[in-house]
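In order of appearance the chains are A, B and C, and numbering begins at 1 in each one.
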């Protein structure tokens, strides 16, 4: 049976209780939905401990010595795979990187049989990236009690470690979320990054969350309760404290009303120093990467002092170390 | 020179003495042929020590600290590659995973030059999977005295670590082999799994070995001395204690007399609960994976209490740890 | 912006000062140009310590414990990637192997953004192989102060670790460079191996350096100051102490005047026992690999006692360990 067949209904979406063990401990990380502010704060606090200044040695531990982490990336990825890989190895785990496109799926093995096989080899944590919605939750429903599943990017639905690293980066710069105006700009409709960031920010009590996109890429309000859906970039950036530009697929630009090409997209929805003039003076600029410079973000801005884009990457390793410790019960380490 | 040219004669087949050092120690594992019952029993005993209950931490050691193991898989494989990888790393070895399709062979380098190069980098153990018969034995003939070669799947000829893991799984469930009726079902003619299992079972003195397949997929008797070659599944399963279903390539089904499609194949040669009614009440069901559920094996049966399929996978890591220790002289560790 | 656009001018070539830190320490290894004899000798001395006899365990250390080395190979490579991988791991570093073809570049991310991302994950050393000239130097200009870049093969321009391993191999066999006649044979024009070897040999004061090739593959004299450019193999090999055959791309052979095919190439420029009759009696034969046996080198000669080809490979790991220690300031380890 193909994964695409399995996931053509909505039952497979993660329900938020599924990620907790019966004793209340975080067992899987599938979505930020249902993780309350106290727990989220604790995760961010834990992640802080794994940060170190650029140029100093990476923080290491043997907390996961003897554990095996398998990265199953059904979608190609350099950065997220590398981030999970380093996070696990700096905690002392053995890491198995499986390029699933070129082996199992060729042979038509079902995804669950791949999981059961690896579980029998005593894999303790599965890190899953998949283009189909519901795959991480589906796997989490079937693994043994002592095994954890981490969602490393799920279709357009969820990317919870990205959400946490965004929160950590914002918190380190801005502190209290309740006073912040946060604008997310770009292809909101198709963005798992926007969804997870919005869930995290809402839980942390963000002042105002603005979602700015061309009308054709606007999300449904029900996916983003409490957020302001906007189509004017200038309105969206006004007095913003945090601006997050999203990656847009170039192919999508051709189908946007009144936006015939890349130049027009940048003119209308590109985040630039010029457009940030009405934002807060200390506005920070974020991007999940990989960037299309000159399309969704001005290249010079991405390299400016306002940009916290490389900090996001550093936060990503720290957040993933914290999550790995949490789900394996090593967070007091 | 291409590998395919090199191996168009039978001289390259492993001769059973080749795998022993002059002092009688196991140096390579190329085939189960020629490994006597005493040595095979010792390998299984050694593998037992590397097993641990599901949910408990993987057993680890530093027996192979300082050794380098290179996985050269000329055929794609997730499970066998991962199993060898984890086995070597849980023993403390450095592991080099080489995807040979995408590099050396593109440049036309001969397989021996690749081996000599890696040997000069102080690789101690080569794990080889190849679609051509004779490649592991050919490599074993050319490596330096202190270097070992493990066959991780060789054309349709041999898959000795699979044979050992099958033996280990059977022994843990059934004990004495001499009282057992074992049925292997499916595409026997093309199966390296069947060949290695049959060699192992024969050496261990199995009561009766039955090879059940459509006539077009029956093996020659000389390849399986002592086994009963059968075409009736019901006859084959009668009072069987162990049933091993083999993977069949879907393309092969179209060419079988009286078996126009998958449904007919399953009806005639699919192992199912229904068909097992005349087997021993405590029959166990095996499959080397990856499974075609609903073709060679009933999906529900694969997940039932009779199935020992995931145990086979766990046994696989243990057997490979035992073999790695044996060929490096660390089996007293 | 594509790398190919970036590097269409010569400004990006490494300038030799760029690879030293302000305190004079070697920080990057981009080219052998500008590394003086004293420093080169020290690097070779350091590499000697990482060699061990074949059959004895690889030399190991924890000098790079806590460091992260990223192998970014934009060109496929088994041997050089494996060599750097093992060098880094035998020093205790974490190694990240990134197959950049199949991920970042698919998404159109700029090479610098990939580097910045990995740098933010606290990668300490980048090992770069690229088909475009200038990429390693370009990256070296942009990384943070504490980060090092090692050139693992750059277009037709430079392959400095190959140059060092060639020097080490020659020195171990011949000692004093000033008395040596060294002949490099084959496609000199397109060879980064020849360029780095020539730079190294010149710095070490080689007696005579001869570059032998078909006229169409002869280099410009300004690229190889002091070398003798020759088209007669017999003249080139006369009284040679060291002969290095270069790999030739088969496609190039068809375009050579008077050399219609492989047989004619071998007859004219293939290094063979027959052709070495007028060389020094203790001549050694080298090849950077992977070899086209029977094209640029006689197969039997490559396996003969005169061949030091596998020693070159062993020297390669040692040289890379020495370089990794040097650029991370661990060379007194």
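As a working rule, a contact is a pair of C-beta atoms (placed from the backbone, for glycine too) under 8 Å apart; a residue touches a chain by one contact, two chains touch by 3 or more.
Note that this is a predicted model, so its numbers are computed, not measured.
Q: So chain A and chain B are the same sequence; what rotation in degrees superposes their CA atoms, nearest 5?
A: Roughly 120 degrees of rotation.
Q: At the chain B/chain C interface, shared numbers over all numbers used: above half (same) or below half (different)?
A: different
Q: Determine the centre-to-centre distance between chain B and chain C, using the mean Cα coordinates as centres, and give it in whole Å.
A: 41
Q: Would you give the residues of chain C that are in contact with at least 2 other chains, written as numbers and ranges?
A: In chain C, no residue touches two or more other chains.
Q: Going by the contact rule set out above, which residues of chain A touch chain B in the complex?
A: Residues in contact with chain B: 1, 66-68, 70, 94, 96, 98, 100, 102-104, 106-110, 113-114, 116-122, 144-146.
Q: Given the complex with chain A, which residues does chain B contribute to the contact?
A: Spelled out, the residues of chain B in touch with chain A are 52, 54-55, 57-58, 60, 76-79, 81-83, 85-86, 89-90, 250, 289-293, 310-314, 316-317.
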